[in-house]
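Okay, got some structures for you below.
Okay, so chain A shows up in both of these, paired with chain B first and chain C after.
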Partner chain A sequence: MPDAHSFGVDPITCYSWNKDQTQLALSVNNNEVQIQNFANGKWSLKNTLTDHTQRVTGIDWASKSNRIVTCAADRNAYVWVQESGKWSPTLVVLGITRAATCVKWSPMENKFAVGSGNRCVAVCSYDKENNWWTSKKIKKPIRSTVTCLDWHPNNYLIACGSTDFKARVYSAYIKEVDEKPAPSNWGTTNNFANLMGEFSSEAGGWVHGISFSASGNHLAWVAHDSSICVVDANHGLKLTIVKTEYLPFMDVIWINESSIIVAGYGCVPMRFNYKDSLTFVGKLDDADSKQQPGKVSAMAQFKAMDSRAATDVETTLNSTHQNTIVQLSVFAGGKERCTKLSSVGTDGQIVIWDIK
Partner chain B sequence: MSTTLQPYLKAVRQTLTAAICLENFSSQVVERHNKPEVEVRTSKELLLTPVTISRNEKEKVLIEGSINSLRISIAIKQADEIEKILCHKFMRFMMMRAENFIVLRRKPVEGYDISFLITNFHTEQMYKHKVVDFIIHFMEEIDKEMSEMKLAVNSRARISAEEFLKRF
Partner chain C sequence: MSKNTRNTAFRKVDVDQYGEEVYEEDQTADEGATGPSDAEVQSMLAKGRNGDALQYVLTNAPLTSKNQGVKDKAAQTVLKVLMSLKANEIEGSLKGLDQAKQDTLMKYIYRGFENPSEGSSAQLLVWHDKLFAVTGVGSIVRVLTDRKRV
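Up next is the complex of A and B:
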């Protein structure tokens, strides 16, 4: 049974768990970031971070170093460090002139990347001499807003999806903070912003979510043409596309080396297996086995007809999420062997799913 | 004639269900702006191909989608002069009160009688399937309303003419 919690009626825009899933940083469609404590299934608000002036679009909690990076539509990003219970921000000089759309810490947490409407990805690293975070931009050949990004486990490569219908893999090697990159089967390069591969699903659609598998050999993304694409670096960057009949998906995440979970406008997470081709396995939300809402009473029907001239009283959806699922995140088990998954939606709910 | 109504509405419903998949999107042209892309139309890659669903030459629906907004324009059947006048007045009445309708546009798109503008902010607050139900219900009811009004106009004209001519 999925474990659902509601944070009100406003959509949850973005969220991130801390290392042991005892705290959650989230934003409910405004300029504030809430830090909530999760203990024994109960939530309690611990802090509210209010430094952003516009809608917060991305939050990522670095599990090892316990830092939070947030980015917002006000073109800024902050890195928050916890000192004796309080979170203090450090402004990051991104140098972008449009909204930031997504942010992710690199696996070693010495860098983070921010996607923006400025048609670029800003990779930021800490400059010890000047004591601030500086950014280097990946621009070519992105032609529209960057909507999603994910780091490869080797800490050098970054994949980004954009509204120009393409998913791209770049090298984000910064020689001041990184060791020399080891060769990977995506290609080898010592140059920052080198394009390793550019992929698209034929006609294409805006890329909404992108994810590297735990080993980094597979890259999956979902686009607005309701397609799921996987690139296999073990077999010469072979591209597999499956066009589904469902409404478009908003996010994708690997739960082990051969399975992905996708979720989106259909409000129900679905599982696909990848073994040279993508096959649909099933929906995580078994809407049919849920208890039926029961025959609507005659009284309720007449009441609705009288007050609202409505002939039917059924408005809620048969799924756990009542509106679009926006972001998926591993809750337990890591990307290699995920046993629990969390999802948030525009219905203000966070749901924790069990993966069998 | 009425055998085309159900497939027509079914096609509109399915197109709307697909097009109403909207997400919040900050403008990539002007900093700190967040405007419906279907109205602004500056970035071509953010717009979807417009779809026209026609029942016949006179009745059609134009659905224009984008990443964060959707515009639906309806051309209503107007067979004669009286219906044209009634339609124009009825639509104008509703469009002047567009704020109360939330999803209604104040001016119809060129060539159509009434337009709706649905943005991601609406789909965040309201159930998407209920918004689609509302539009379909509107399309079904509008023809009935128009015929009722036409009959009412005719009967009022007849009654008032009768009363007037009784004096002579």
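Up next is the complex of A and C:
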């Protein structure tokens, strides 16, 4: 049974778990970041980080180094470090003139990347000499807002999806902080901002979510034309596109090397398997076995018939999430063998799903 | 005063095209796409080969063409085919369509709704209902988001 928790009526815009899932950093569609403690199924608010002046659009919690990076529509990103129970921010000068849309730590947590409406991805690394974070921008040939990004496990390749309907893989190798990269099957040229591949589902639609598999050999993304695309680097960057019959998906995540979970406007996470082609496996939410929440009294039914000429009084959806699912995250098991998955939605709920 | 104060050509320059943030569509125009031939369609309908006529117009849909006239003519041809099939033939003709053609058909159904004529909307609603049962909401989402318009 999925484990659902509600944070109120406001949509949850973005979130990130800490290393052992005992704390959650999230934002409910405003300029604040809440740090909530999760113990024995109960939540308690520990801190509220209020340094951003506009809506927070991305949060990522680095599991090993225990730092949080947040980015917002105020064109800023902050790196938060915890000192004796309090979180203190360091402003990162991104140098963008439009809102930041998403942020992710690299696997080794020595860099992070920020996507922005400025048609670029800013890759930030720590400059020890001057004691601050500097950013380098990947611009060409991104032609519109970057909406989502994900790092390859080798710590220098990055994939980003954009509202110019394309998904791209770039090299984000920064020689001051990275070791010389080994060639991968995504390409051999490793200069910073080198485009390794540009892909698009033919119909086109804003790319909403993108994810590398645990090995980095597969890349999946979902777009607003209700499609799911997978690129296989093991077979010469072969592109597989599936145009689904469902409403568009907002996020995608690999749960092992051959399966993805997608979720979005349909309010129900779905599982697809990938082995040369994408096949639908099933929905995570077992809607049929769900009981109607409480019997509706005869009085309520007649009242509804009288005032609205409707016999159906129910306004709730027959699924755990009552509105669009916005972000998916691994809860247990990592991307290699995920056993639990968490999702948040615009209904203000966070739900933890079991993966069998 | 300088001589060229009467030169007002600068007023006709479109300054918006010079902004660096202008988004340009991918240049994949297919100048050769001329859409389905009206004569072919007429002959197929006359012989009663309605299913074949549907396949033909959907295969030759001028999706990549930039010529609005070609698209309008094709839309009218498709509408003619959609009107000529009887209600009980519709389901059968849908069976032979692959996903790309289903998406194209859904685009034409909505195009047909835009310009209603006598009795067209009722017939199109029957088409919509039957096609929706096969494709689900995905094809309707693609009518709204697909860059290749019909």
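In this text, the second predicted complex is superposed on the first by the 342 of 356 C-alpha atoms of A that agree within 3 Å, B and C clash if a C-alpha of one lies under 4 Å from a C-alpha of the other, contacts with A are read in each partner's own complex, and residues count from 1 in each chain.
Everything that follows uses one rule, which is that a contact is a pair of C-beta atoms (placed from the backbone, for glycine too) under 8 Å apart; a residue touches a chain by one contact, two chains touch by 3 or more.
If you're wondering where the values come from, they're calculated on a predicted model, not measured in any experiment.
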| said: In the overlaid three-chain picture, which partner chain does A:164 touch, first (chain B) or second (chain C), both, or neither? | reply: both
| query | A:315 contacts which: chain B (first), chain C (second), both, neither? | reply | first
| Which partner does A:217 contact after superposing on A: first (chain B), second (chain C), both, neither? | neither
| said: Once chain A of both complexes is superposed, is A:189 in touch with chain B (first), chain C (second), both, or neither? | reply: neither
| task | Count the residues of chain A touched by chain B and by chain C, then name the partner with the higher count. | result | B
| said: Looking at A:117, would you say it contacts chain B, chain C, both, or neither? Reply first, second, both or neither. | reply: first
| said: Output check: A:247 vs chain B and chain C. Expected answer is one of first, second, both, neither. What do you get? | reply: both
| said: So in the superposed three-chain picture, is A:203 touching just chain B, just chain C, both, or none of them (first/second/both/neither)? | reply: second
| said: If we overlay the two complexes on their shared chain A, which of chain B and chain C does A:225 touch? Say first, second, both or neither. | reply: second
| Who does A:324 touch here: chain B (first), chain C (second), both, or neither? | first
| task | Touching chain B in one complex and chain C in the other: list those residues of chain A. | result | 119, 143-144, 164-165, 224, 247-248
| request: Within their complex, state which residues of chain B touch chain A. | output: 17-18, 21, 23-28, 31-32, 34, 43, 45-46, 67, 123-125, 127-130
| query | Given the complex with chain B, which residues does chain A contribute to the contact? | reply | 9-11, 13, 29, 54-55, 57, 73-75, 97-99, 101, 117-119, 143-145, 163-165, 206, 208, 224, 247-248, 250, 264-265, 315-317, 322-324, 346
| remark: chain C residues touching chain A in their complex are 21, 23-24, 99, 103, 135-139, 141-142, 145-148
| query | Which of the residues in chain A end up touching chain C in this complex? | reply | 119, 143-144, 164-165, 202-205, 224-226, 243-248
